[in-house]
Amino acid sequence: MSSINKRAQQIMAEIISNKKVGAYHHITLSVGEIAQLIRPGNFVAIAVGGADSRMVLRRAFAIYKASMDPLDGGIVELVVAPHGSGSTWLCNAPLHSKIDMILPLGKAFGIPVEPVNALLVGGGYGSAPLFGLAEALKAKQCNVDMVLGASTASKIYAPQEGKRSTNSMIFTTDDGSLGIEGMVSSVIPELIEKNKIEIIYSCGPMAMLEAVTKISVEFGLQHQCAVEESMACGIGVCMTCVLPVRGEDGVARMLRTCIDGPVMEGSDILWNTGRTVPSEVWGA
Amino acid sequence: MSSINKRAQQIMAEIISNKKVGAYHHITLSVGEIAQLIRPGNFVAIAVGGADSRMVLRRAFAIYKASMDPLDGGIVELVVAPHGSGSTWLCNAPLHSKIDMILPLGKAFGIPVEPVNALLVGGGYGSAPLFGLAEALKAKQCNVDMVLGASTASKIYAPQEGKRSTNSMIFTTDDGSLGIEGMVSSVIPELIEKNKIEIIYSCGPMAMLEAVTKISVEFGLQHQCAVEESMACGIGVCMTCVLPVRGEDGVARMLRTCIDGPVMEGSDILWNTGRTVPSEVWGA
Amino acid sequence: MSLPFNYSTSLGTTTLPNPILTASGCAGSGKELAQFFPLTELGAIVTKSIMLKPRSGRATPRMAETPSGMLNAIGLQGPGLDLFIENDLPWLADQGARTIVSIAGETVEDYAVLARRIRTQPGVVGIEVNISCPNVENRGLVFACHPDTARAAMEAVRRNVGGDMPIIAKLSPDVTDIVQIARTVVDAGADGVALINTLLGMVIDTRTMRPRLAQKTGGLSGPAIRPVAVRAVYQVREALPNLPIVGMGGITSGQDALEFVLAGAQAISIGTSTFGDPQAATRIKSELETLLIERGFSSFSDAVGYAHRAENV
Amino acid sequence: MSLPFNYSTSLGTTTLPNPILTASGCAGSGKELAQFFPLTELGAIVTKSIMLKPRSGRATPRMAETPSGMLNAIGLQGPGLDLFIENDLPWLADQGARTIVSIAGETVEDYAVLARRIRTQPGVVGIEVNISCPNVENRGLVFACHPDTARAAMEAVRRNVGGDMPIIAKLSPDVTDIVQIARTVVDAGADGVALINTLLGMVIDTRTMRPRLAQKTGGLSGPAIRPVAVRAVYQVREALPNLPIVGMGGITSGQDALEFVLAGAQAISIGTSTFGDPQAATRIKSELETLLIERGFSSFSDAVGYAHRAENV
C-alpha cells in the first residue's frame, strides 16, 4: 500500500543546544549529512530514558528545522512540550548528551509546482513544522499566511526568524492572552476569502485538524494536515498508529500514520471515529 | 527476634563530591544531623535510576565515613564499585544531584570496652567501613592492624588519611600488583601470633569472610564480620537477605542480614550453604 | 462540596477508615515499617502469610530484580502460628493497628485450624486466605489454580469463621479463567477476593548458566505485572459486581492505585513498592485521596468500579 | 578452538543459518525493516499472523506503554490470504529471506485452508500457528487456552501440511498449565512450540476514567514479561526435552536471548524491542554469538537447554 521511506537512518545525535522557550524546549541536535534529506513535515523517532529506562517505545517529534550549519554541520531543531515522562526526559536532557534517533520519517508536505496562496494553520507545538514549510513555499513564490493558535500565549511557538517567510501571521488564544481570543477555526473562513487561499496546510491537535478539514471542505480547498496519532515505533512495523482513511479507490482503510502520514489529505480521513472502527472500513 | 533499628530515616541527600579512585567512586553526600547517629558498620539503602527507572529495588552500600563537617554539616562518604546497572548509575550521578537514601541501617560493629589488639581484614571495597571502625577502636586505645586484599592494586581502597588510625597496614593482591601476592587469609595467622590479636573484624566477599572465620575458630578468636547478601529492601520487610545463623540457643535460623546484620559473629554463620537450606535450620 | 471527603471503605462486615493496606509478605511483622509511619495511618496491615508450623523458607538466592519488577522465592518463612499469636498479633493490637491476617496451609485441614485460632485474636479485622502462593513445595498444590482445591480450602475456613469476620480469598493470576475461580470461592463462602498474587517466573543467571533462584522459579511482582492485575480486577468486577475486591500488583503511586479503584477494587494493597520506598503506602494514601477529590468524588466508594459505567456517562 | 562457531539451528526439518527470528506482528511485512538491515541476516522472518479475509483490526487507541512493556490490541489487521500470497510472500522470496508464515483462523476450518494454501508458497520454510492471539473478537475463542480447541486447530494444520514443512504452535501464557497445552499440540502433530504470546492486560486512563484501549484489554509484551516467558520455556523443555521451542518475550539484548537459549529455546524471536530499536534483531544476533563463544560453546545447539544440566556439571 504505502511506499516506504527508504532513507531513514538510526543515529546517535548530540544535543548542541536546549533552550526553554515559553512552554516548550527548543532543542538543536547535530545529525550530520542526513539533514539534507529532510523535507518539511518529516519527523524523528527518539529513544527516551536511557539504558535503564522502563520506557520501551520511541517518541515522535516533528522536525522544526533542518539545515547545514557552517559550524555544526547538519543540524535538526525540535520544539518539544514536556508532556509525559518521555518528552520531559528529552526536555531535561543535558547539553552534549547523545540521543538515539531515527530520521527522516514519514511523508512530507506536498509542495505545489506553481505559486499558490497558501494558508498554514498551527496549534500549539504544531506550528513547528510549518516554518520550514513556509520557507519551501516562499522559495516557490507562494503567498504564505499563517494562523497559530493555542490555549495561552506561552504555548504559541513563533520565533522571530520564523515570521520572515510568511506574508501575514495571526495568533489566537483561548484565554485571549495573545492575539484574538478564540480558536484558529474562527478566523480561517475570513482569511480564506480575503487572501484568496488555494491550499491549506495544518498541524496541531486532532480536534483542530478536524475543524480545519470541515472548513476546507466547505470552501472546496485541498487540505494537507499532519496528524498526530499514538505511535509505538514510527517506522511502520507495529500498526498502532492507524487512522481510517479513504483511498483513491473510495475504500476506507486503517492506514499507518507513520508511513502513510503524518501528512494526509484532511478530507480523506474519517474523523472523530475514535474507539470504534467505522463500518465502511475495509481490509488492511 | 531482632531488635529493629529505630533511628533510620529516609532522606534526599545531595551529592557534594563524586571522585573516581582506582576502580571505585568515592562519593560524599550531605545528610544533615543524622550523620551523628551513624556507627561503623552501618549501611545506607539507596533508590537508583531516577523516576522512570526499571530498577525497583534499593541498593545497599556500607558507610565509609560519617562526620559533621564545619562547612557542609553532616556528611556521609561511600566507596562504590560500578558493578551492575544500579551501582553504575550511582557512580555516574552528577554533582548536586539528590539521592533518595535510608540511613543508618543495620547492626554496627561492637566496640570492646577495654583496649584490645584488633585485626581488621578487608576485601575490595569491603575496606570502606573498616576505617571508621579503626578510628573508633583507636579512641578506645586499641592496637589496630589492618590487612586489605583485592584481585589487583586498583581494587584496594586505602586512602592516606585512613591509615592514620592503624598501627600497621598490609596489602595483598591476587596478581601481586600491590603488596604481597596471594589472598588475605594467607597472611593472617602469622599476624595473629606476632601481634597477639584478640579480635578480628572483617568485611568483604563472602568467600573471604568464610576463610577468615576458619582462622578465627582455629585461634579461638571473636570474629565480627560484615556480610553482604543480596538485599531488596534493606529495612527488614522483604526476607530476601537471609543467612542461616546459629543463635545463642544453639538453634540455626534464617536471619535477615539487613537487621540482624550485616555485622555478625563469623562462627555463628553456617557458611557455604548457598542454594540449600541446611537441615538443622529451624523455623524462622 | 462542603462535606469532607469520605475515604472509608468496607470489606464485608468490616469498615476501614481508608482503603490502603499493606500486601502480605511485604511489610514484615509491622514493626519494621512502624519506624517510618504509625501503622494506624493505613486501613489495615495485612500480615505475612502465617502457617501452622515455624518455617525457615527457601534457600538463597531468594530474589532477582527484573525489568520493573522482581522475582521472589521466600517460601513463607515465618514463626508459625503459636509464636505469631504470642508475639506479633498482640504487638499490632497494642499499636492500635487493624490487622488482616493472611493464612497459608499445606492441607485443607491446616486452613481450618489456622482460621479457627486466628478468628478470636485481638485487633484482627479480617482473614486473607492465601491459596495462591507459588513458592510452596509442590507447585501442584497451589489451591487457587484449580476450582476444586480452591473451594475446599475456602469451605474449611468458612466453616470455622462466623459472618462477623470477613474472609478474603487471595487468587493467583496463573490460571486460564480467574473469573471461574472467583465464582468458586464465593460459592464456597468467601466475602471477597484479593487480586493478584505473583506470576510464576524465572531468571537465568547467564554467568552460572543456571536458574538464578535456588528454588529455580519465583513469584513476579512489581509494576511489570500491573496491567495483568488491573485486567484481573476489571474482569472479576464485571462478572461479580458486588464482590469486594482487594486490588494489588505493582502499585507505586496514587495514579496506579486509582486504576485499580476505577477497575473495581474496594481496597488497595501495597507490596513491592514498599521495598523501594518504605513510605510508599502512606504516600499513595494521600496521593489517591487528592486524585479522587480532584475528580469530584465526594466519597471513595463512588469511585469503585467507575470505569465500568455506561459509554455515555 | 580452531573451528568457527556453528550458529545454525533447526526447527523440525528446517535448518536455519542462525536462531534469530522476528516475532510475528512486530516486523510489518518485512519491507519496513529491510531499510535497516538485509532480511537475509536473520534466521527467518516470521510474518504478521495472516487470516483468510482482509481485516481492518481494532479501533484506536490500540496501544499503551506500560512499565518495561506495552499493551497492544491491533486485532490482526492484515490484507487477507490472497493479497498476502500475491504481494508479501513473493517480495520476501525475492529478498532471499527465509519466511515462517504465521497463520490465524477464526475457525478450525480456517486453519486448514490457510495451511493448505501457504505450504506451497516460495520462500516459506515453516508455519507458525497462532492459536493464542488475545485480540480476537471472543476471548473464549483463544484456541491455545483449552486443550480441546488447541488440538483441533493443530490437527487441521497437520492434516494439510506434510512432514517436510515444520508447523509450530504458538501458545498463550494465560493458562493454568502450559505444559499440558504443549503436550496436547505435540500429540496433534506440532513439530515445535513458540513461547510465549502476550499476556492479557489492561490499562485504565485516569483522566477519562475508562480503559485506555478501545478494545479495553490488550496483549502485554516487552521486558516486563520476560521472567514469565523464560519460565514457560524452561517448564516445557523440562517436560518435553526434544521438542523444538521458539522462545520470545521481552528479549532486548544478547544477554536476554541467552537466558532463553539456556532455558531451552532452539530459536529466538524479537518482538517489542524492534519498536525501540529497528536493528534489535541483528544486534542481538551478534551479541548472543559473542556471549556463546565467550562461554566456550563451539556450536549454538550445545547451549540449548544447558540450564537443565545436572547440579554437578
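Residue numbering begins at 1 within each chain, and the chains themselves are lettered A, B, C and D in the order written.
One rule holds in what follows: contacts are C-beta pairs under 8 Å (C-beta built on N, C-alpha and C of every residue); 3 or more make two chains touch, one makes a residue touch a chain.
All values derive from a computational prediction rather than experimental measurement.
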Note to self: Measuring between Cα centroids, which chain is at the maximum distance from chain B?
What the structure shows: A
Item checked: Whole-Å gap between the CA centroids of chain B and chain D -> 47
Notebook entry, point to check: Using the average of all C-alpha atoms in each chain as its centre, how far is it in Å between chain A and chain B?
Noted result: 55
Check: Centre to centre, by mean C-alpha position, how many angstrom separate chain B and chain C?
Finding: 35
Checklist line | Junction residues of chain C - those touching two or more other chains | finding: 67-69, 222-223
Item checked: Multi-chain contact sites of chain A, meaning residues that touch two or more partners -> 54-55
Margin query: How are the chains arranged in terms of who touches whom: line, ring, star, complete or other?
Written below: complete
Item checked: Of chain D, residues touching chain C in the complex -> 66-69, 71, 145-146, 174-176, 199-204, 206, 209-211, 216-218, 220, 222-228, 230-231, 234, 250, 255, 258-259, 262-263, 291, 295, 306-307
Checklist line | List of chain A residues in touch with chain C within their complex | finding: 54
Checklist line | Residue ranges of chain B in contact with chain A within the complex | finding: 49, 51-55, 85, 89
Next item on the list: Would you tell me which residues of chain D are touching chain A in their complex?
Entry: 25-28, 31-33, 35-36, 48, 53-63, 65, 67-70, 72, 74, 77-80, 83, 214, 222-223, 252, 272-279
Next item on the list: Sort out for me which residues of chain A touch chain D in the complex.
Entry: 4-8, 10, 47, 54-58, 100, 102, 229-230, 232-233, 235-240, 242-244, 253-254, 259, 273-277, 281-284
